[in-house]
Amino acid sequence: MNDFKMPALGADMEAGTLVEWLVKPGDRVKSGDVIAVVETQKGAIEVEVFAEGVVSDILIPVGERVPVGTVLAQIDGAGVAPLPVEPAIVAPKPAPQALAEAPPKPTVAPQVSRRKITPAARRRAVALSLDLETIVKGTGVEGSIRLADVEAAASVARPAPPLTRRGLDLSQMRQAIAAAMSRSKREIPHYYLAETVDLHLSLTWLEAFNADRPPIERILPAVLFLKAAALALREQSKLNGAYENGVFLPAAGIHVGWAIALRGGGLIAPAIRDTDKKTLVELMAAMRDLVERARRGNLRSSELTSPTITVTSVGDRGAESVTGVIYPPQVAIVGFGRVATRPWAVEGRVESRPLVTVSLAADHRVTDGHIGGLYLAAVARLLQEPEKL
Amino acid sequence: MTDAEIRALILELICDIAPELDPASARDQDDLREIFDLDSMDFANLIVAIHDRTKIAIPEADYNKLFTLAGATAYVREALASSAARTR
Amino acid sequence: MNAPEPTLTPNRMTYREASKQALREALLSDPRVFLMGEDIGRYGGCYAVTKGLLEEFGEERIRDTPLSESAFVGAGVGTAMAGMRPIVEIMTVNFSLLALDQILNNAVTIPHMSGGQFAIPLVIRMATGGGRRVAAQHSRSLEGWYAHIPGLRVLTPATVEDARFMLKGALADPNPVIIFEHVMLYNMEGDFPSDMKEVDIARAKVRRAGRDVSLITYGGSLFKALQAADALSSEGIDAEVIDLRTLRPLDTKTIIDSVARTRRCIIIDEGWRSGSISAEVGMRIAEEAFFELDAPLRRVCSREAPIPYAAHLEDACLPQAATIVAVARELIRPS
Amino acid sequence: MTKKVHLDHAHLLHLLKAMIRIRHFEAKCVELYQAQKILGFLHLYDGEEAVSVGVMEALTPEDAIIATYREHGQALARGVDPKCLMAEMMGKLNGCCRGRGGSMHFFDRKRRFYGGNAIVGGGLPLALGVALADKMQRRSAVTACFFGEGAVDEGEFHETLNLAKLWRLPILFVCENNLYSMGMAVERAEADIDFVHKASGYRVAGEKVDGMDVVAVESAARNAIDRIRRENDPYFLECRTYRFRAHSMFDAQLYRSKEEVEAWRKKGPILRFQTWLEANRLIKPEEIAAMEKEIDVEIAEAVAYAEAGGLEPISELERFVTMDEVPA
């Protein structure tokens, strides 16, 4: 019997409200299936299951708010050895009201033993910024979570999400943003740098690229920004990772969290895995898919927990420059302002050029302005050679 | 397609992109991006959707002609007419 | 004169013959080299390794000794201190306990304790291991004990090639070297490249490359590990087999590199598990490759009992290929 | 037939000086031990000086020596520099073994001094090897192997004497019988207290000699060495002697009486030899005074050298655990 639990979807999440069950007792599930929707401070998140078997019991009804780690359902693994039980990863806080009103569930008894995770799996999960709590069942010795489980969780095939419309609780999201940004400003000594970059070559190249392509294959300038920002991280890897418990943990891959503004307020930055390795066309598709799903509230848990840095681009209606606030535990955020045509000195003459202000906010505990400056210079340089992006 | 049909189609497509909006509030001369809070990606998706449904070519250089509901309606109408002329 | 053991081809022979040729080569190439031990001369060696050498090299250089392990091993230390290159044979590791004082308190201690005034270029050969139904006092595997001692080099040739060439490396070492020859290997046939002249005694060797699990072993267990790897491959499990070859100093790098590739490891050691060389190998992995591990470390060692005489009991006592297979299977595909 | 030792004036003075040097050196060691400059074990040779001084007279520089953990006497008598020995006592880098061996483990390769061995009986097999190597390399050297009577109880004694005789190795076995192995009196340890008899069990020839009489020891050793070289055969000397002080520094000496010690002190090798020299007017009191002064200066220099010596850096701790080459 495997426990399907309220996952932790980020450093700031303590509890979530179950808003929809996509399975019922008796349904067969396999690893990677989305079986529930949880409303969190970040919005509605589809929650994937990482066990295989038959849903034997649904323990938490729709509408109930429970702490992270609470068993939501049980899945009968049919011959699969039972998983060792584990404690909720969040220490018990004063009980949320909703829980205080609900009658205690016998299945949410205190759980003491520690789940088994191999050292290699643990390290890989850190590199992938993957929350091990999302892996329900290990396939290793004594049910331990091993590398293969982490890799599988990180690259779960994403079946087309069911087209359900769910409301976003913007006030909740506001609270989440408030919590994360307050923590950021409280804990992270930010430093800020900016660089103005001439986009003449990039936009000329992009225009030509888009000219003979149908609309679906066209690429937005933001994609160039995203790719340049990701590639430049290869040169300055200290901006890519997490600062936790007093140490910087560099990330093994570059998974940029792409900031998506939600209409009516709210912001979410799901990860685009291996941003630096994707082609521009792939990045455009990934971005389109994320925006679509973010707007619908169909993001996946793993997408929210894996960014290694955030990139924000305000688009053509935004401000000329943006100075970001780092999303903890990340250590940097890169901002692209609105592209504006302005006078620019070119070989001694003043010309009219499309310019963008690229900014960097970074964690002074990990890097200092020199690294940041080198990074921005790399972004600027990469944008002068769009054909290589 | 009549202008009314084209206008209705465009609003339908915007609704797909921004389901939480009320299309009835749109006025012809409003910048769609402003009133519907469409960002670059939303607008690009709108162009894709219009192209898919009408099969008209919309070069990137023409995007600014589609910023208002009136402009978009006119652009689609003319493009449909010229493509019909070519086919004939 | 006894007929020499047939050499199949110049580079295909038994382990016994390879050991003998190594000794012959040493005796021929350096007049300071001589052999000393029980029944190495007229008897021809307990395991017939030295058969024929007395006739070829004479009594002074093929020196039969009485059953005085402490005295003749100590004499080996003394001759090494005074300019000779002795090769002392202790019939089996079990009897080396009678000479342990000379090995530990003198051979490996004097160079350091004298502030580097003396080196002890002494080679001690001994048979080791079980499997011959000769009961507890003749079946021990104490290589791991010796590998505990700083100042010693401990070699465990497990192939004909190593039996043929490790001695040369041992003699080139200015320090005491113990060569452990597993009793079950003497009749094993094997070959080596005809142009081979020496082997590196500093490195462990990957005897079989694989991706899924590292079987780390040495000496008499090497061929069990290779058999296990063959059996595992038919189940789709690709095992790597590491032959440690030198138990001291351990080639940690080869071990760590292998485990970093396979992320799983089984150490096969005919010694008892507690305080064994397998414990040392495992601990080095824990120290230096902890974060590479994707499964718990496992060991297949001898059962913790004196090796019994009865065949079924002895077989149950020693590491066997089937056990290795079972442990590997459970590690990779837990039921 | 025995060869008489040629007792000229210079030689007599030399013998006396060698013994007094050992005595004074060790007295200084006790002082330094109490000042905690020498640590660990300190097994004094006090009372047994005649044995090593007498035997060393019979050896040539080509001969080899194997000694025990009470080897200060052998090392000094062999001519190892007292400076290096004192520095070794104090654990200094300028000691003969860089401070790694201490009082029990003096080695001096140049003087073929193969070490103080602190495992009783452990040196005997080594002697076998050194002598065998000399023989195989056609050198005519003799190996003098010193051990206490306690070593006779170890198997190594029996294995070694048997092999030495069997292989006809040039070894002078010097059994320093000081009557106690630690606190075990010889008559309580031996079924047969006749050690020469034990040696003869392996057909190794030997004799008892008064280990408190330096001239007798020298004379016996010279004859023994001649015989060894002449007949290619080992020889066994049992030197009856006595240790005046404790076994090591922590020893309440419950196993023997003060009277017994006092009685032996009166037969002490230095007292006895000096008294004999004076009585026969072979030495003048001022010569002795001058000699003692000279020795004390020598020891003071040794202490100064040791005090000035540095400590081996801890980074060198593992050096020589294995050797990079065999020293030439």
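For reference, chains read A, B, C and D in written order, and residue numbers begin at 1 within each chain.
Rule of thumb we're sticking to: a contact is a pair of C-beta atoms (placed from the backbone, for glycine too) under 8 Å apart; a residue touches a chain by one contact, two chains touch by 3 or more.
Just so it is clear, the structure is predicted and the values come from calculations on it, not from any experiment.
Student: Could you put a whole-Å number on the gap between the CA centroids of chain A and chain D?
Tutor: It comes to 81 Å between the two C-alpha centres.
Student: Hey, how far is the Cα centre of chain C from the one of chain D, in Å?
Tutor: Computed from C-alpha means, the inter-chain centre distance equals 41 Å.
Student: From the mean C-alpha coordinate of chain A to that of chain C, what's the distance rounded to whole Å?
Tutor: 55
Student: From the C-alpha centre of chain A to that of chain B, how far is it in Å?
Tutor: Those two chain centres are 32 Å apart.
Student: Where does chain A touch two or more other chains at once, residue-wise?
Tutor: Not one residue in chain A touches at least two other chains.
Student: For chain D, what residues touch not just one other chain but two or more?
Tutor: none
Student: Quick one: do these chains touch in a line, a ring, a star, all-to-all (complete), or other?
Tutor: If you draw each chain as a dot and join those that touch, you get an open line.
Student: Please give all chain pairs that are in touch with each other.
Tutor: Listed in label order, the chain pairs in contact are A-B, A-C, C-D.
Student: Name, in rising order, each residue of chain A that touches chain C in their complex.
Tutor: Those in contact with chain C are residues 81, 118-123, 139-144, 146-148.
Student: With touch defined as at the start, can you tell me which chain B residues reach chain A in the complex?
Tutor: 17-21, 33-34, 36-37, 39-42, 44-45, 47-48, 50-52, 58-61
Student: Can you name the residues of chain A that touch chain B in the complex?
Tutor: 165, 207, 210-211, 214-216, 218, 220-222, 261, 263-264, 287-288, 291-292, 295-296, 315-317
Student: Could you pull out which chain C residues touch chain D in their complex?
Tutor: 34, 60, 65-66, 68, 70-84, 86, 101-102, 105-106, 110-119, 121, 150-151, 153, 174-175
Student: In their complex, what parts of chain D are in touch with chain C?
Tutor: Contact set of chain D toward chain C: 64, 95-101, 105, 107-109, 114-115, 117, 119, 122, 124-134, 136-137, 155-156, 159-160, 162-163, 166, 318-327.
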